[in-house]
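Next come two complexes, and both contain subunit A; in the first it sits with subunit B, in the second with subunit C.
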Partner chain A sequence: MDLHKSTNQKIDDGLLELLDEFSEYQRIRESSNALLRQAFFDLSVARRSAGYQWISADMYSGRAQAITTVDVDPVADNISIVRKHRQEQCADEAQQEGSSEGLRRRRQASGATASADSSDGEKDEHNSSDMDEQTATEKRNSAPSRVRSDDPLLWFGMLVPPALKKAQGGFVNALDQIVQLAQLKRQLEAKQKALQLMLDQTHSTSDTD
Partner chain B sequence: MAQKNRTLIASIGDTMTGLLLAGVGDIHSQHGPNFLTVDDKTDQQTIERAFSSFTGRKDIAIILINQNVADRIRGILDAYNAPFPTVLEIPSKDHPYDPSKDSVLKRVQLLFGD
Partner chain C sequence: FQYLQQNAAEPISKFLDYITYGYMIDNVILLITGTLHERDTHDLLEKCHPLGFFDSMPALCVATTVQDLYNTVMIDSPLAAYFRECLSAEDLNELNIEIIRNTLYKAYLEDFYLYCQGLGEPTAAIMADILNFEADRRTVNITINSFGTELSKDDRSKLYPRLGNMYPEAQTRFARVDDMDQVKAILEQYGEYRSLLVGVNLNASTGGAGGNELSLEDRFFSKEVQLNKDAFEQQFHYGVFFSWLRLKEQEIRNVVWIAECISQQQKDKINNYTAIY
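Right after this comes the complex of A and B.
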């Protein structure tokens, strides 16, 4: 009898948990739907201002690489979003280049020139420091162009309407919530299966009694 | 541990531009793109083939499908019950989300005997 009671208690607790998660699912669903609606509106505005042929499937890149991915944690059974912006990658690459070979090699080259022309030593030293500054500035200036090369926004041209940027932001935010929804859906399905099993067992036990 | 390699978000729908802008688009040298743009001319077989291909890929964790497109392959979707890739229906530009068709809601209703 006590065993029966504890099973019922477990089912009740499980159902309450399921309902809590389901209300959370519905809340995120509504929020993501609202975000998507606004993003679609912004996209339509961008299409109208830029021209329908400029923002269409014909403009998709043939070498697209995902910059928004997910990380599946099999231990915690969790899905989380990973935004691997090329910005970060390029910044890392630039840092590595800066710290290892690139700049040093240039210094050596300027040093070699200085040693070859020893009479103008001071002048060359001054020139080499100028060169270093110049290369550093060049590097800084060239970095942003590399940073942005993988942004899907650029498929639609260099000067895109602000509404398209706004739409992109909207879709990015919506995607965050969509991934949360996917995770919640998995959890809810697993809970539902477990509860269904418990309910079936309880029914079969009460039938035999 | 194979789930660790699942990193991509695939999508099937009539308005792909938005999701691609968010950065989910990926064109694999062997498997091809992880998205399918569906229009009025796209037949059911193409959608089914794309769905089967995405569910068979080991690098896809989530499949997003527009609800109106999902209605066209409802039988396959209802039969699909693997934990990965997770399939999630989302609204499209012209078709707002219909909660009554939500698979999670259906499961919860089933549990309560509705």
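Right after this comes the complex of A and C.
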């Protein structure tokens, strides 16, 4: 009987904790929704202020890498944000370029071979335009002034409107909260399973009684 | 517009050419920035403003330094004269591109102003009001946008156009400010801008909370619309072409704003557009 009572007490306590955490989850969720909503609105304001072509997808590289990632540790059951430093990002990009420059060298070799073998005027033109394109690509990539910054705000220029900076701040804060939400959700699911297990045990005990 | 341009004679043809130079500057910067960020050339060319097209534009994507840009492309374009002031910059990075963009526009604005003064009244007076306001707005926006950036105060002052009600005294002071309160203190000393500051929250973005707070940007848009509407009150001048274009752009901004408010479920802020009539 006492055992039964203490199990019920544990279930009650566990349920109360679950509900408290769920309230916290709801609160953070509403806060992150509000932050994201305001950040998207600030982005619209910034686009209206600076011009729609200046703050658009054309202003950044399709190969841009995230500087902030999420690390999931299954052992400690922890989700955390990892922010890369500028040197690490530059090293990653240099690695990628190194491999792609290799590809460009092979294309150049095949292009040069084709131009040596070809005697047709049209083929020569096509190959020379290929060579021009490759030369232009190499020139572009060898220029010392490639974009190298860990602040995505600089993709849109140096003098961005304050609304864009505000939008960035909103997205950064929302990201922190979203990671908290993911962590909380895992905890809630774990607690829910534990509670369900206790309930099932209680029911099976009372059935045998 | 191209039909009008091709059928126009001097001096209106030159005036219409001047209108296109602003869009050419935007296209040049768009292409350079997009190329640096490895966007496809064809995609970038499609995004360029049609009024700002010139023949050697596609070749912009090949240039890597400012000297290259000038020698291979810009020297044959209508912007060549404006480019000479940018040649001190060497590499094409974010800071230099921003400086190039603002320096080009500054040179264009000054040149356009001088040309309009040569056209005589009433074009000279009407365009002087519009271009002076544009210069003042650029001065304020460059100042505000440069807070917290790598742009030095000396470089900042070099980007201010040498015209406008704020030239040269207020510009000298703007070059030294560090925050919005100092900006407000300078603006309050000018009658035409003191009235703009009434009810404005300088720290709010456009269409602030609840849609009742106005930002300085909103007031600038309203003032611009007013000046462009006033251009239609007089007859036999060329300013109407410029004003018509600017009012059309404001209409587009309004429509896009309303569409974005609807898509983001921000219907309480839909009315924060700048009404024209």
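Annotations for the structure displayed:
Just so we're on the same page, the second predicted complex is superposed on the first by the 129 of 209 C-alpha atoms of A that agree within 3 Å, B and C clash if a C-alpha of one lies under 4 Å from a C-alpha of the other, contacts with A are read in each partner's own complex, and residues count from 1 in each chain.
Note that a contact is a pair of C-beta atoms (placed from the backbone, for glycine too) under 8 Å apart; a residue touches a chain by one contact, two chains touch by 3 or more.
Quick caveat, the model's predicted, so the values are computed rather than measured.
Shared-chain residue A:159: touches subunit C; no touch with subunit B.
When the two structures are aligned on the shared chain, A:53 is found in touch with subunit C, with no touch to subunit B.
In the superposition on chain A, A:186 makes contact with subunit B only, while subunit C stays out of contact range.
Residue contacts after overlaying the shared chain place A:45 against subunit C, while subunit B stays out of touching range. Applying the stated contact rule after C-alpha superposition, one finds that A:63 touches each of subunit B and subunit C.
In the superposition on chain A, contact of A:25 is made with subunit B only, not with subunit C. Note on subunit A: of its two partners subunit C and subunit B, the one contacting more of its residues is B.
In the superposition on chain A, A:76 makes contact with neither subunit B nor subunit C. Note: residues 37, 40, 44, 56, 60-63, 155 of subunit A belong to the subunit B contact set and to the subunit C contact set alike, using the contact criterion stated above.
Across the complex, subunit A is touched by residues 1, 3-4, 6-9, 15-27, 33-34, 37, 61-62, 64, 83-84, 86, 88, 90-91, 93, 96-97, 99, 102-105, 107-108, 110-111 of subunit B.
Residues of subunit A that touch subunit B in their complex: 15, 18-19, 22, 25-26, 29, 32-33, 36-37, 39-40, 43-44, 55-57, 60-72, 74, 79, 82-83, 152-153, 155, 164, 167-168, 170-172, 174-175, 178-179, 181-183, 185-186, 188-190, 192, 195-196, 199. Residue ranges on subunit A touching subunit C, taken from their complex, read 37, 40-42, 44-46, 48-49, 51-54, 56, 58-63, 136, 139-140, 143-147, 149, 154-155, 157-163, 165-166.
Interface residues of subunit C facing subunit A in the complex, by the touch rule stated above, are 26, 30, 33-39, 43-44, 47, 49, 61-62, 64-65, 91-98, 101-102, 141-142, 144-151, 205-207, 217, 253, 256-257, 260-261, 264-266, 269.
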